[in-house]
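Here come two complexes built around subunit A, the first alongside subunit B, the second alongside subunit C.
Moving on, here comes the complex of A and B:
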């Protein structure tokens, strides 16, 4: 017991220094937690995509569209349950790129049924079906701009020219914590009719098809069967699971993801330096005391325990405060960067990892001071002046 | 009387390990800070150097980039006959229509797909972009399904090297040459004859029009005149400005995330410096009191400790910056959020970044050293001399 008390007293001896060290540790743990959470956000989104959904798009790239008539042919493929189609609209709210959020047209009317992860109250869904210019938006984006049911939302088209007004008929919530709640969805038919009047060649086109299959384990065979259908047509298709499609899309950012990881480990380096420095200074000042303890007959093990214990207490304290601060920090960053990261949910795994790293840093920081304290001979130690 | 600088430096050397830890902490922060700025700078320079100040780009109003733009035949005809277009030595107007699309291609290194930009160009495109030079093979022949590849596109994408072939739009295309473009974004593109790319892509109209201005200095007047025509639902931009806008989202992303993180963890380094300096003050209480008794003023003592902190941060800053300058050897290939296509660029160190980084390092030292220095300056002589 007395050992613990001595450790605690030692840690509290230089209150300012200990406080600063704890603060430094906390800050670094927050930075580590926030970066890891941001990186996880992308992974979480991918994990939540149902495995029974495929995406069929133009083989050249996703800026090319496919004729809507492909829907009926895809539906004939064995193993396919339902088919919907969608177009990326890319409209800007208040014509400001800073307000970016995903918005797309989905058809046929009940195409949204293919997305069970978007939970919409039944009455709102019905209101949406009945309004040609209606739209459904995620809770987060609705909160961000303060919209209410019945509001008219004007988007300025970047791909489809002009100003487009949509009436908010429904608000969806995510079925899971990590589900994206920042999208806006509207009727494909409205898009098609209006664009058809402006540019007749543009009507009857789908950006991609969403294909729900009966058996996820047969997805590879169904993908191949769909692509075979259009092998010799003017618009060839590329079908893959929605998961694979999203991974491919995000892999464009690989280089940046790797860089963020490197930074998060450099941060751990900084905490190590701060804590190691504190322990080094404390141990240097207390060499006399440690030697005195040794003179009294305390073994090296006990003395080492004093130093390592103190280092661990400071590390644990800093780690805990850092973990508590990670939540508000992740939340703030998530809001500031909602364009790129739709969900910032702190995972318990991240917190455990942060704590393990903090404690590891605590042990490592005690190594050099401990060796110094143990190596010094009693005579030399007693003579030592801070 | 001032206390010599040597005193501060000797003190730092007295506790080498502590000093080294503090310096290294600042080094790490500076390294990341400079790295983030260099990355964003590299991206911007690559795109901005793509545009020429004498060229103007015409895209559909509100479309933001060539990828989403189309210019109708009527609009193209109006632009071709503008009186503001400079003439070449043969008296022909320097104007061209281009088509820009993106193609899915596998990367060479990983099996992953990315998007390569294909630009259908006209005969005048080369005169309008004098920085594009063929360095291997030959130029594509008009009317043939041939392309030339930017050297970075050839390096990064499967099937895009000289002599290689790939399928696009039910036809096979051969890469017949390699070009460089002084490190600009064109180096990640494939170029072919616009009249051949158009049918392959199933498009009937150009994405954009590009022309050399007779009088670049009166650009604003010309732009307003073109836009006054009700048929012209277009945006007219200086080519340089157009390319600067093509990187806004991505560079904002890098800077926002990178700088938030650096500032958070610069606090770690500041605290590290503070701990070290408080330690130094505590260790030397009697020494300081002795100096004060000898007649040194409070401000001399303050200066000594501030200088120590500044020396620590300056050394950390220089080492960090030196380390970061090696990043220039690295090439980054990533998706540009604004165009959804792959862009390759290097970290770039500019004098502005070097100065900004050093100022950042020094301010970490000053912030970390100020409070301890104040404590040192306010030590009470008699008590301190009596203290054990």
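Moving on, here comes the complex of A and C:
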């Protein structure tokens, strides 16, 4: 008990130094926690994509489109149940890049049926089918921009020029926590008609096909069969699971997240050095006290316990504060990036990992000071006195 | 003469710095009877503190034997030596060596934490030791709230709280003003006379040495 009391008193001896170290550690833990949470949210979104959906796109690049006539041929491939097609629209609400959210055209009219994770009330779905300029938007962006059913939403095309007005006919919710609720979907026909008017040669093209298959375990064979169909055509295809397609589509974002994760580990590394330095300074200042304890007959284990214990207390304090701050920080980041990240839920695994890292930093920081304090002989240590 | 509590036989001490050998003590023979108050005097570098450290079991001789209370301490292992020190030796240092974050009471209690005494028993011992040194009313003060003389009295209370066979004091008045030094020496004398404590004290101060019953001089590592 006295050891704990002495450890606590020692930790509080240089209050400002301890406070700064604790805060530094807390900031590092927050950075680690928030970045890990964002990465988890991203992975959750990917994991929620149904395995029975494939995407067929141009073999060369996403930026090349495919003839809409491919739909009928893909539907003939054994194992394929239904086929829809889509075009990335890339329009900006109020022509402001800060208002970015995913928006794309889906055809045919009932193409949205291929997305069972987007739950739309039946009456809204019917209203959408009946309105050529109708659209369906996710609950999150509806909430963010304060839209309501019947509102006209104007998007400014970044790929297809001009202002495009869509009437909000339906609002979808995710079937599961973590399902994307930040997209806006409208009729491919509407897009195709206007493109045909502006650039006649561009109509009848799809950015990609969405293929629902009967058996997810047969996806590799179906992918190969679809691509074989167009092997000798001028627009060869590349078919993959929607999961793989999504990962590839925003691989740039994934790279940034990985980079941020590396940075969070580097922050932990820096804070380890800060805590190690604090502990080295403390141990150096207290060599005479450790020597006194050894002189009185206290063993190495007890003396080491004082140093490791102090380091652990600082680390645990920083870790705890960091973990507590991770919740509001993740929440704030989730709000700021609500159109990119669906659910910023801090997982218990992240918290455990953060605390383990904090305690590990605490133990490692105490290694050198402990060795130094134990190695110094009593006679040598007594010379430090005064 | 009482039985010798401390017997130092043919002890030598050589410090090694890289390839350099520095002889500090040479063929020392010394006996300290039980109940003695011995002052070890001599110029700086004569080996006084080294001899005290050897008797305290803080350092090991390069040659010879040291026997304290019937135990050959020079042949004890590190752990045994630490246990032996905890039970048998009380230390008083020039700079008091109190832990600054602990109160006078807690500082005096430190050596008792290595014993099997209950909390209440420890508290009784601490109160008694602080009473002996006249600091019963300051037991909850931190070292920084005490004067130098009072800090040294706390250190003396810590040295005697386990009722050790021997108290070893290294320049106990070296950091004190004349009045405080006088008080400390009077206290050490009292411990020797009233409580029959064997004391070995290293000092430069002839006034302090006067309080000892026996004075021995060291010069260039030899007792003269």
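Quick note on the criterion: the second predicted complex is superposed on the first by the 339 of 386 C-alpha atoms of A that agree within 3 Å, B and C clash if a C-alpha of one lies under 4 Å from a C-alpha of the other, contacts with A are read in each partner's own complex, and residues count from 1 in each chain.
Criterion: a contact is a pair of C-beta atoms (placed from the backbone, for glycine too) under 8 Å apart; a residue touches a chain by one contact, two chains touch by 3 or more.
All of these numbers come straight from a predicted model, not from anything done at the bench.
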- Query: So, A:139: does it touch subunit B (first), subunit C (second), both, or neither?
  - Reply: neither
Note to self: Between subunit B and subunit C, whom does A:292 touch in the aligned arrangement: first, second, both, or neither?
What the structure shows: second
Just checking: does A:63 make contact with subunit B only, subunit C only, both, or neither of them? Give me first, second, both or neither. first
Query: Which of the two partners, first being subunit B and second being subunit C, lies in contact with A:378: first, second, both, or neither?
result: second
With the two structures laid over each other on chain A, which partner does A:156 touch: subunit B (first), subunit C (second), both, or neither? first
Counting residues of subunit A touched by each of subunit B and subunit C, the higher count belongs to B
**Touched partner set for A:255, first subunit B, second subunit C, both or neither** = first
So, A:99: does it touch subunit B (first), subunit C (second), both, or neither? neither
Going through subunit A, the residues touched by subunit B and also by subunit C turn out to be 386
Counting only contacts in the complex, subunit B reaches subunit A at residues 15, 17-18, 21-22, 24-25, 28-29, 31-32, 35, 39, 60-64, 67-68, 101-104, 110, 112-115, 168-170, 201-202, 204, 233, 248-249, 253-254, 256-258, 260-261, 264-265, 267-269, 271-272, 274-276, 278-279, 282-283, 332-335, 337, 340, 342
As the complex stands, subunit A meets subunit C at residues 2, 6, 9-10, 13, 288-289, 292-299, 377-379, 382, 385-386
As the complex stands, subunit A meets subunit B at residues 14, 16-17, 20-21, 23-24, 27-28, 30-31, 34-35, 38, 59-64, 90, 95, 97, 100, 156-159, 161, 201, 234-235, 238, 248, 251-256, 259-260, 263, 266-267, 269-271, 273-274, 276-278, 280-281, 284-285, 329, 333, 336-337, 339-340, 368, 386
Note: in the complex, subunit C contacts subunit A through residues 53, 56, 58-59, 79, 82-87, 91, 93-95, 97, 99-102, 106, 109-111, 113-114, 175
